[in-house]
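Listed next: structures, encoded as structure tokens.
Next, two complexes with chain A in common: one pairs it with chain B, the other with chain C.
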Partner chain A sequence: MRVAFVGKGGAGKSAIAGTFARLLARAGGPVLAIDSDPMPGLAHSLGVEVTDAPIPDDAVTERREGEEGPRFRLREGLTPVEAVERYAVRGPDGVRFLQFGKLRGPAWALAGSQFAFREIVAGLPDDGWSLVGDLPGGTRQAFFGWGSYARTVLVVVEPTAKSLLSARRLARLALGERPPERVVALANKIRGPADVDLVARRSGLDVVGAVPWDEALAEAERQGLPPVDAAPDSAAVAAVVSLLERLNEEQTR
Partner chain B sequence: MRVAVVGKGGSGKTTTSAILARSLARGGARVVALDCDTNPNLGISLGVGDEETERLVVMREALDEGESEHAPSWDSLIDRFGTDAPDGVRLAVVSRIEDPEPG
Partner chain C sequence: MLGSAEFGDTTVIADLEAGIGTLTRLADASIDIAVVVVEATPKSIDVGARAAAVARERGIGRVVVVANRARGGDDLARLRAAFPDTELVAVPDDPAIVAAERDGLAPLDTAPDAPAVRALVGLARSLA
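On to the complex of A and B.
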């Protein structure tokens, strides 16, 4: 399975992506959880100890002067699968976590790590690894192909005007040159049927799930703990279980 | 007064900015509200509505794509790429939407 969670900042992408990745890992099969936010937060929802894990500069070789092609490449002989084994941090339930570092200084300091990150994600073979991505809030990264590994792009949408406007913008991902197989909405922080209706009517997307507003999940977020561990019996986690079941079913059909 | 509101996604930057801008304007200040987000939503919180918020984004994109000429000065930028929001606040979208750097 290859999915990416996108949406407006604060819509709940990380909490849901982290939960989704852990549940998928429990079902067996290798899962790579991918955080491409330079202010990363997915680790908290996954239960991984480190929040950022830059890929060392020696994973890539820099283009020499006069050479053609991209500025960095994965070091000769290093395959994406080996790079995951080496650089992706191990988390609970066997989930692996890939990230390119935290933006602490100038952006160029992360350039090598970012190139390695993108080559690893783009080069992983289709069978085997499941990919669960968490993109930064907003529209920019998604439109620059940072979620292009995903077959299903899940737009996390709160029932608010701003979140819905972001969702309508993100719906245009389906119109790109190499669009994902589908772009769908996941309604979040839902307090009643009217909220789901609102997301269905105004996101411009099919709604594949609805995660309720959940105080137990909010408490897990306050404490920086993974919802699957801190609120395993919550309605929100149950809704992510349903989402995973639905996507699994649709995939096998 | 010149303030910038920053923080994590969803923490309330846009809402806070809009309330600040409208409150300042009600107090008699001349206020320009600048949306520097690549996913600009400030128009909604200021009260100009979805359509007008999107119209400003489309204008800003036209500038990036070279279909529209850059305004020669600060005042004309606010004039040409802005819109009137309630309480006399002038809103302009100033973020560059196209930028391949992450984040």
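On to the complex of A and C.
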């Protein structure tokens, strides 16, 4: 399975992506959680203690003057699969966690790590890892192909005017040159059936799941704990279980 | 634009993208006050601390932390500990803001007397 969570900032992507990755890993098979947000977030929701884990400089070589191609490449002999083994942080339930580091200053400091990250993700074989991506809020990364490893793009949508506006823009991912197999909505922080209906009507997307507003999940976030550990019986985690079951079922059909 | 335009006496309020990217790219001396909005979660505190550090490195003299959706003393204590020696303004968790957001309306119009709106009025007055 290859999925990526996108949406407006604050919509709940990281909490859901982290929970989804942990549940998928418990079901068996290797799972790689892919974090392309230059700000921290997903590590907390996964239960990984390291927040900043850039791919080290010695994993890449810089293009020489006059040479063609990208500015940085994985060093010769280092395959994407080996790079995951080396640099993806080990998390609970066997989840591996790959990121390009987190910003504390100008973005150029992470350039080598970012090139390596994209090369690794693009080069992973189809039959190996399940991929669960968490993109930063907004539309920019999504439209620049940072989630192009995903067959299913899940737009996390709150029932607010701002979140719905972002969702409508993200729906256009389906119209790109190399679109994912599908772009669907996951309604989040839902307080009643009318909210799901609103997301269905206004996002322009099929709604594949609805995660309720859940104090237990909010409290897990406040404590910086993964919802799947701190609130395993919560309605929100149950909704992510249902989402996973639905996507699994649709995949095998 | 913030660094090059002449705004005269006009007050400019810029709502920057999430994270610190825009803050790192601002021209020197282009803003007077950086208002860092945080919630009392480790994720938000981590991002807010990075933003406050960049603002200080960039020589932005006044950093104000807004503790948004604060639910009580525990939240404020956590944020005070994370941002010592920093001005901190609490904006309480408020259903009136949630309702306004859902309707796509300005909270100042729909709920001018709500506690969160009053807190924001106080913030605006303190910055003016």
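Here is the rule we go by: the second predicted complex is superposed on the first by the 253 of 253 C-alpha atoms of A that agree within 3 Å, B and C clash if a C-alpha of one lies under 4 Å from a C-alpha of the other, contacts with A are read in each partner's own complex, and residues count from 1 in each chain.
To be clear about the criterion, contacts are C-beta pairs under 8 Å (C-beta built on N, C-alpha and C of every residue); 3 or more make two chains touch, one makes a residue touch a chain.
Values in this document were obtained by computation on a predicted structure and should not be read as measured data.
Of the two partner chains, chain C is the only one that A:T51 touches; chain B does not reach it. Touch criterion met: A:P40 reaches chain C, while chain B stays clear of it.
By the touch criterion stated above, A:Q99 is placed in contact with neither chain B nor chain C. Legend: residue contacts after superposition of the two complexes on their common chain; A:R222 is shown touching chain C, with no touch to chain B.
Of the two partner chains placed by superposition, A:T152 touches none, neither chain B nor chain C. Look at A:G137: by the touch rule set out above, it reaches both chain B and chain C. With both structures placed on the common chain, the touch criterion links A:T19 to neither chain B nor chain C.
Look at A:R169: by the touch rule set out above, it reaches chain B but stays clear of chain C. Shared contact residues of chain A, touching chain B in one structure and chain C in the other: 9-10, 37-39, 41, 103, 107, 136-138, 161-162.
By the touch criterion given at the top, residues 17-21, 24-25, 40-43, 46-47, 50, 53-54, 57, 75, 101-104 of chain C touch chain A in their complex. Interface residues of chain B, counted against chain A in their complex, comprise 8-11, 14, 37-39, 41, 44-45, 50, 53-54, 97, 99-103. Interface residues of chain A, counted against chain C in their complex, comprise 9-10, 14, 37-41, 44, 51, 102-107, 136-138, 159-162, 221-224. Against chain B, the residues of chain A that register as touching in their complex are 8-11, 36-39, 41, 103, 107, 114, 136-141, 144, 146, 161-162, 165-166, 169.
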